[in-house]
């Protein structure tokens, strides 16, 4: 369903003499429909950049991103806009993912409005989504700062669901959250995924979380994918030295 | 709505802000109702240089105009110039700030212009322009706007730059929202408080600059502003060796001081409200 | 690398400033020849033959095509020749430099004092935030900062020059006083400096004060201040070694920009106190349409401001290791 | 032998919305050479508790109770006396090394400050000591690193500097507030090992909500919820057999234990629930839980738990 | 102690350049500063032209040839003698360097054909055309410079060595501070006219003259027009004395004589009747001015023509004139309309300084149904607009109206008045050597202006000198202004005992005797038979002569 070929993103700095940071360097992989690919790697290795490049939130330097056979990187602005709702992203910081000046209700209604859903239908849909992600209707009239991080992440999920996406990039969706809340959110994502047959790219630096969430795992190091394979293969039989280092010290409590 | 109410609430608790707003409203009301408040037409001439008495609370100026009425009418010009300029400059600054923050390439060029404007000595340039443009209120406004927008642009832009990378803006884009939609519906409301602060600060700056230019004799000599009153007072040969300064120089000077202070108070309070780190220890 | 870009930017700004300086006076109405012949003091009209005017124009090179005037102008600037002042009938550089020292003295002293004082008071205010002292300081600094400099100057003249008669009211020195020692001379200059400098200091102090207060409030909320406190440092040591330096960082640039404002502000103070500085000169040059002088005064003021910015940038580099080694 | 004894500590923050009871009646003892872990979800009052031991909480708070350190009540010491204890006898490692180091001062100087202050060494001697310290926390090339600025070091090295700083004056008690927050998994692991090593002969209050880290390093664990302690037990017993339903829920939320979340959301610290604070989210809640506030129950094996199930 | 005995006089001033003849700023005060160091052949006191470096002179060939005889023992500050060669050198040198910006002061040199020095003490100037004002504008204006210093100087405007201020005058420059605008002069003990009354003269820039004067920082300051309020304060103060003089300055409304409707003389007259000049003087100038001569020239000028129509405020006449022209208020809004139906309305341009006068005029014109809007601008801009002819009415002022040459372009700086007869009369008077005839021509010019009204003059401000008489009390205003007409009280004559003054010993200065002798020769009917003041002079002479006899001096 999603195929990434030779994707690279270099950041340049300096005006006279350019210097490049190879944040993502010639990355290739594919994800099947309904599959979850976990992406692990140390901080700054390029995970976020990769996720954002795939969705064209930043323009990649080179490569192809084929989504159902369409090269996303070739779409023009208008085509991209109509195409976008099919792919969504969930960010690490749930509080920053919502406009602080909009009520929860408005935030969730926003994608519906953008999709030109009939005005009269919106209210009902919003209610439905709110319940779907396990919030209570009273939350609809609050502002993000009046809710906890876990609740905000639910709102983000509700909003993503409103668009009926096929593919979601979850960029460390729970790393800002508490263990107990993390469990709630991760479970919710799993449930929704199963129900809606979503395809997921799940980014995290927490091996245990990725292990729980993913079908396959890709290990990223210095902008490149250094190892990729089924969950258990990676955990039991790591090949790359970095993966070994990651897996070796895991504490079993 | 509650967000707004909340900051309103904080504002009310902020004694400095409320004081400023109070003073400012007094002056705005004075300006609006000047014809009802002033005992005379400020251009009507009586005996020149009459000291204060029951007829003329603050006496008359060098050509016999009632100083008290002049003072009241002057609040009109001073505030009019200040607010008109601030509105236009903040408007231009906000728009260019918004777009230059959002579109990098456009922003790059705008910022070079802004840098240039900020690197050039502002007041000397204004003085020159003021000397050679026919002195009218509108020319003054044009000059002030010309030099007022870049600061706002820069401040708004840097705010937009940080807002632009917020995940919620990315989410909007992912939902298929267009640039204008994002700018108008998501970024603008978030920078609006900053725009208000800029507006207030610009108004303060303009009042000072207008007074300064008028004082140097570069304002419109036929208009009645506090700076112009001070200019005529300063030109008066015995201003320092007689007592006339008490009723001719002091009142317009103090009016400028108080209005600026009020604006500073309001701006200061607004900034405290906007900066949550400062808010905790509000006075 | 970083320095190179900075320096390129500075050169560019200087170049644009020079071009504006050249173009601006020429776009203004009024011929310098008229100003040369008209006499504002006595207003005596001088009706001149066109050929005499021509002669004078060519004397000043005003008859050449604009492009040639421009290249000449650039060449001269490189040679440090700012031209010949039409009104003052002397080399522009000489006219300017003679006044420049007074402006630099006035602005320099005031800047030094208001910066140190403003920063100190700002730090104190932030340290005592929310307390009575902070509020008192805040309100008084904001109030005094709201005085237009010329108004405060006039009040000072009345109060200290006339009513109390303890300070001189004009000039930079006592004219033709014969000093018995350099100390005497210094005393005299200082004596004349006090009122204008205090005016500038008082009316400008709100800037650094507020900046420092805000910056300090920010810094005081940082984790490393808690760390410092956790180490058992005294409050004074925390303020001195940890808070002030960090709080100063973001405001150095702003203060440099304000240095430019100070020079501008000096125009008013110099006018009221008849202080023989460049601000007053600029104003005179404008009213006499003295192109070369105007251009020169502008250029010098611009250069000073750019230099101030440059110094600030360098100070910033020196102060902030994140930039220096980044 | 108790090094630190906290008795009925209350720390309240008056705010616009009401009084935030961040710490509400905490009793806690730290023995010599004990490493006590303090765990609990975000916002339950862990940091406030740690900071109030050091008296680093701003003056507008309402603090009540006793914090007895070696027979002296820290809360009633003068500012000066307290300052001598801070950094000297009790040291603190703050969460997030990136922001806890002053960016414009060389790291060596930041460590030396403490040494000079508490051990009265001169500049040169202090520097020598700093280099030793850096070597102790295994910073490569300490002679060079001592003159680095924080931003020139990696996150892991910064954390090491923080630890060196805390150890610098050879304190008896270290309060470490989530020292591994914001660090990479691999780095985190090394730091935890290091901490374990260097605190071998010291006492430590280790604040975290990273259960894995706590399990690795601590002797005993205290579980905190909504401003009060719910359970206190040895590390082994709590991970193998948590008594309080909250402790159990917390452990079950771990991915490796099946990601079973506690339902509901954490309570506000302004209007804490009547009765047992955890009852709205508790699967075992009884009638009494709704009405009465449970007291800490001491069990025979040295464990203590605040739950009617064990009353 | 000796220093304290020094008599020091401090005067309000400012920087007007290095006081060499080629580096002072091209302004009256600059010339004055220079004139303290450099002498001219003739000079003026409050009444007449007096001999200076030249003790006598004669004109021949219908005023194109002038022979001047120099004083005998005049020396430069450096001790060198001043000779006729120096004078010849000066005139030729300046003429050769006519591109210098100070040329305007010396532009009369254009009239010079050549100059000769037949001997040490005699100079003969031959002119191309007769120059009636030779004695004031030529001999009385051009400073004589030492040949031995200037002969090698190629660009005099850039020559600022100390030698550049070696003159022959009563003062030597001791110090000059450009930045602060301070001048310090020392008396020239060897001056050929005697020792000046003060040992040191200081000119300094003060922020506020009234304040500086009352604080004793300066001993003299001058005031102008509406500054009369300050003058009155000092008048009431026994420590100060005040003298008043003519400013030779006029404020005028300038009409565009090329644009409808201001090109209609009756329209201009109507406006003149509508303006109340008395009210302007009372209200704006506080009485510090006199109603202007409608013929422009100042009443204190010897060329003044009295009795010209003054268009005293009369709304009835004004309205009648306007009605007759067809400007009638048909819609009753108080504003007249053009015959075409549009409102009679235009801008009233003014320089910044005269906005208040303009505003009052605006009010006065409104009373006769003419609507104007005051538009104030810098003098520079206004002048530029006036030169372009882009205006209807403007208020502007200028000085120098002691001199009939000013009448060349009556609505200067505008140039919209064209009258061939007027122009030819002007040209004729320029070269008319017969005083009475010339005066008649000038009268005709003034009459034409007063009737045609290309400008309507408003007021002539008064000027005052306020001084501390203990320091120096010889202040006076020079006849028609110093040199070419600078209305400044600082004539170098004030530093000398005047005619009839007793010196410190109670004796009459011997120089007065010289003066009497000169007057006697001056009264020679051949020299100036038609002098209007002849009788006055005779009277004065009588009085002094009698006094001298009483004192036993003659």
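All chains are identified by letter, namely A, B, C, D and E, in their written order; residue positions are counted from 1 within each chain.
The criterion applied here is as follows: a residue touches a chain if its C-beta (ideal position, glycine included) is under 8 Å from a C-beta of that chain, and two chains touch if they have at least 3 such contacts.
Here's who's who by UniProt: D = Nickel import system ATP-binding protein NikD.
Since the structure is predicted, the reported quantities are computational estimates derived from the model, not experimental observations.
Contact with both chain C and chain E is made by B. Among the other chains, the CA centroid farthest from that of chain D is the one of E.
Chain D and chain E have Cα centroids lying 92 Å from one another. Spacing of chain A relative to chain B, judged by their CA centroids, is 47 angstrom. Inter-chain centre distance (chain A to chain D, centres taken as mean C-alpha positions): 33 Å. If you average the CA atoms of chain A and of chain C, the two centres end up 54 Å from each other. Of all residues in chain D, none touches two or more other chains.
In chain C, the residues that reach two or more other chains under the touch definition are 29-30, 157, 161-162, 272, 287. Residues of chain A in contact with at least two other chains: none. For chain B in complex with chain A, the residues that touch the partner chain are 2-3, 166-168, 170-178, 181, 186, 189-190. The residues of chain B lying in touch with chain E in their complex are 43, 45, 48-49, 62-64, 131-132, 134-136, 217, 220-222, 236-242. Those residues of chain A whose C-beta lies close enough to touch chain B in the complex are 52, 55, 57, 81-82, 84-85, 87-89, 91-93, 96-101, 110-111, 114-115, 143, 156, 159, 163. Interface of chain B with chain C (complex): residues 16, 115-116, 118-125, 127-128, 131-132, 208, 211-212, 215-216, 227, 230, 234, 239-241, 245, 249, 253, 256-258, 260-261, 264-265, 268, 271, 275, 277-278, 281-283. Chain C makes touch with chain D in their complex at residues 222-224, 226-234, 241-242, 245-246, 249, 319-322, 325-326.
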